[in-house]
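Across the two complexes that follow, chain A remains constant while its partner is chain B and subsequently chain C.
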Partner chain A sequence: MSIYSDAKYTDVPLEKKQELFDEVKADMRYDHQLYGCYECGICVAACPSARFYDFSPRVFAQVMAREDVDTFYELLNDSVWDCSQCFSCTRCPRQNNPGGIITIMREVAVNHGMQSAKDALKAYSRIIYKIMSTGTQVAPDMLQPDFFPDWGPDVKQVSDNLDVWRRCVPPETMHTTELAWDVSEKTRLELYMIWKLTGNLEMIEKIDEGIFMILEEVMEELLEENGYDIDDYENLLEEEEDE
Partner chain B sequence: MLKKNVLVIGGGPAGLEAARGVADLGYPVKIIEKADRLGGMPILADYAALTPNMVNAEEAMGEMIQRIENDELIDICTSTEVIGVSGSSPEINVNLKGPEGEEHIQPGSVIVATGFKHFDPGKETQMYGYYEFDDVITLVDTEKMLKAGKFVRPSTGEPPKQVCFIQCVGSRDRQIGNAWCSKVCCGIASKEAIEIRHLLPDCKVFVFYIDMRMYGFWEDEIYWKAQEKYKVNFIRGIVTEVTKRGDQVVVKGEDTTMGRPMEVPMDVVILSVGMEPSEGTSRMAELFQLPLESHGYIESIGGALNTVVTSVPGIFVAGAAGGPADLEDSVSMGGAAALKAASYLRKTGLLAA
Partner chain C sequence: MQQTLAKKEFTPPQVSSREFKRDNLPPTDDYREQLFELEKAGELEVQRVPEPYVELETKYGRKKKIPHQMTWHHKSCGQCGHIPGYSTSIFWINRKLGFEYHDPRDQTSCTAWNYYASSTSNSAAQAGIAVRNFSQAKIDGYFPVIHCGTSYGHYKETREQLLHYPVLRRQVRKIMDRLKMPFVFPEEIVHYSEWVHAMRDRIAELQVLDLSKVTVTVHPACHYHKLVVEDAVYDRDLFDGQRTAIISGLVDALGAKVGDYSTWHDCCGFGFRHILVSRDFSRSFATTRKIERMKEEVNPDVTLTHDTGCVTTLDKSQFAAQAHKKNVGIPVMSDAQFAALAMGAHPYIVCQLHWHGVDMKPLLEKMGIDHKKAWEEFEVQAERIKAGEIEYISWKEADA
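And now, the complex of A and B:
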């Protein structure tokens, strides 16, 4: 039972909260990111997110150090996505790393397909798709007047002749409009293997099945063309080791 | 032949160190103790392990006692009290009352090491229910249990699942007239919290505090250890009241760093009671006409650079008789007082050839 009389999520069974908490604690990074907390607030003072949101890296450190499982669950739902992961908080005198704890908590939230994680990441599905399928993020053709009206009339001029403007950039690899730069097939192949082998693709499946299916199709095609079986991990690994 | 010695009043850590120091310097010393044995509070109140190093209290005090026994310069008188004082240095007349009746002595110098008493948490108000609820106990009661190698709920005899300490009970409180910090309670509570977690790994332990005052090496050796290794929950916010709910006691307070109200059921509540001048200290101040400082302890007039000198020539104070003191303070003051008392004898030429 929470120590707070204004506790939230009292309907969620303690066992569930404990399971999630234990998963965070079991992460190999955890022990090096959290010691005790003085609750001194140096991390909050350094935190850019804390200036704009009702967010406090201190609360993460103190709640985790106290092993307050109920309040941990509140944080996992309500504030874990408010951190900008800049790690300014690592100036902690106890050598805590609240940002690092948050990284682990986010992974646990995603792996459990928590609704709050889905909601928080919804707006990023286009970026996730772009990065994971092409290896680049913002593409030149995103620069359209409709998207960025606040950028003024010059945007229209650039977007109308995007191809010409891009060809003015010296490196040939940047003569692209749909991608930020040319990504070679070999690079994409390696990226797909990394997404797959590190479990990133599985994490995407937990939070956005639509994007996952599209991504898997794109990846499968390229991998198969090159003689890899996407569902055969050992085959992917062995090929890597042979090289 | 007039043979003057040093009289040490009180057989606790400060007095034992003072007596040993005087004898080591080659001067005769008489140490008197009101109780029937030496050792002072750590022994009389059944402390389990000493703060901060967690050594066995009985063994550690036993070593101190052993060092003054069998020394021909040291005369040990237990069950002995000062019942009257007259005159002043170099003619201080002290009347003692011991198991063999009354005795009149003329010490050349006196070291008052009469210590403190634990604050009685039911004295002024009963908001924490010390005399009302069996499961509300003090640091001292906890020491007794830990010394016996167990920690249970007094009401049931069963091991508790959730325990808290409430800090600053009887200290730093203008309402009850004790404006001082008792210095040791933060360390002792953290030490006991470690001991409880060690005995009962499934028991959650909270410490509700105003400030954690963990000086010097107490910081990482007890405080960090309690937090990091033993996962003791230190929460800034003092409990306002303890009430009964079912077979538990409920503490109500604010978690001030979180800005959230708390209401937590506990199996045992431990009150971190502070120090007050002991009856012996007040009595000696009266008999030797030693002025008290504003908090009621024996005043030392030397400030920070001379912690043991009183305004009465030849009379020195050591340990918690002069104000809240931890063991390190007490023993250091005992040694300093021994040196000052021996110097006093030498300078006043009172030592017999």
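And now, the complex of A and C:
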């Protein structure tokens, strides 16, 4: 039973929660993220998210150490997305890394295509497409006043003058507007192969099928044009499991 | 009867009233020995720091090698996309110092902004991306130096994982074999703020502006000094080695004043996912915990940092906060931009300050820079591009 009186996922079978919990624990990094907890609260004091959300890195450390799978499932569906991933919590005197536990938990949530992960990443999907297809996450043309109204009138000024202002930057690699810098096509393809070889496209398919389909179509056409046989780049992590 | 409480005025602690005492050095492993062991076993190739190099002290005393030149400029998507003056200033300083560097196209970002925002990746992919970039640097014949705090922190995490987990090394080996590239890892993972710190005296020798009236606050990136802490640079002469020395050391060398404030250790509020889709959090944290504290306790002319997320969050969050009558209005830039300005770099053609949100003019005036004239010069070049007279501003114009 969860520590929360208003637990939202009481109808989810315990077996399902246990399966996801075991998956987090099975990650090779897990043993180096959690060494027990003094309940001293240093991690909470240092945590930026704890100041603005109902969020506590200490709860993560405690719940995982107690193997409380019900509360784990509540955190996995909610609080896990509030973390800032700044790792201020690594000031822990027990050398715990609650932020690191959260990285693993998020990975498991995404791998299972959980609805809460889809909701958390809904507005973020176009960024995933950008980084996976180009290797640069933030492009100059993202500076649109509609998207960043709270950043003030300078954003409009940048947006209105973008092409010329980018050519006013002396390094030739940075005269781009759709990419942060001019990434060579060969390098973009190598990056895509890494995503393929490590099963990341399957992950994206589970979280946003639309983005996955566009990504696959655009990149695999580019691979074919450049003479690569896409069948040579199947998920090698699955191969390892089979071995 | 309700009593009216007298309003207490907050008096922040002053730097001079704080004592920084360094404890004995805790023992830490030198990860380089482990890298060399793996190299001996034929598992990977270690790229050595090219000579000449400067040795800087790290948190627990290990000496870290920082190369002078032959640097492979590992770019950052956030900085190159939205803060182009950071990279440009680094190149400009290199050129002024007469150093050789390489600005590669065969480089992807570390992709860690996405990883920390969405976890839509895994250890094998992240390590594969790191090693692909490092291998390309080795193939190009240059040593990678990084100007994003998150790339730097993530690569250090990746190094720890590669050293600890044979299964990850095996996976990366398979990836690199498929890409037909060698498995290379650098002897040191170096951030540009460390390079600037190592070069600070040479930078100061070329200084043309008097900065003695300029007060600076420093925000160190979390991923610089909180991830794999033993690899960040410290100096016993700065805060008695209790706080990382980068940026503060440069400001000191340039004769400006470093102002201390009580939330120095706090994050900027970037949050990776938050800055893009939940900015109310980032804005609140950046203004309430960082900018307002700096204003109240130091009232600096500028705050300097060394990372994509920190420059963006601290700078851009201040506009909307004005609507709530927050005590904001501190210009934000990187240490490299500040160093370049001190050396006489053009504020708009080199440092590209027009991409930043907070008004820089009062700071530039205090630094003795004629910003009106500088903007006119920038506009002349922009007009030449618009008229088709030149395709882009070249280094010739920037170096002039």
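By definition in this document, the second predicted complex is superposed on the first by the 207 of 243 C-alpha atoms of A that agree within 3 Å, B and C clash if a C-alpha of one lies under 4 Å from a C-alpha of the other, contacts with A are read in each partner's own complex, and residues count from 1 in each chain.
Criterion: a residue touches a chain if its C-beta (ideal position, glycine included) is under 8 Å from a C-beta of that chain, and two chains touch if they have at least 3 such contacts.
Since this is a predicted model, take the numbers as computed values, not measurements.
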{"item": "Partner chain in contact with A:194 - chain B first, chain C second, else both or neither", "value": "second"}
{"item": "Touching partner for A:49 - first (chain B), second (chain C), both, neither", "value": "second"}
{"item": "Which superposed partner A:184 touches (first chain B, second chain C, both, neither)", "value": "second"}
{"item": "Touched partner set for A:58, first chain B, second chain C, both or neither", "value": "first"}
{"item": "More chain A residues in contact - chain B or chain C", "value": "C"}
{"item": "Contact residues common to both interfaces of chain A (with chain B and with chain C)", "value": "none"}
{"item": "Chain A partner contacts - residues on chain B that touch it in the complex", "value": "206, 223-224, 227-228, 231, 233-236, 255, 257-258, 260-265"}
{"item": "Interface residues, chain C side, partner chain A - complex", "value": "75-82, 84, 87-88, 91-92, 103-109, 111, 113-125, 128-129, 132, 136, 153, 161, 164-165, 167-168, 170-171, 174-175, 178-179, 181, 222-223, 226-227, 229, 265-267, 269-274, 276-277, 279, 281, 283-285, 289, 308, 316, 319-320, 348-350, 352, 354-357, 378, 381-382, 385-386, 391-395, 397-398"}
{"item": "Chain A residues touching chain C - in the complex, by the definition given at the top", "value": "28-29, 32, 46, 48-49, 51-53, 81, 84-88, 90-91, 103, 106-107, 109-110, 120-121, 123-124, 127-128, 131, 135-140, 142-143, 148, 150-152, 154, 157-158, 161, 164-175, 180-184, 186-188, 190-191, 193-195, 197-200, 203-204, 207, 232-233, 236-237, 240"}
{"item": "For the chain A and chain B complex, residues of the former touching the latter", "value": "1, 3-6, 35-37, 39, 58-59, 62, 65-68, 94"}
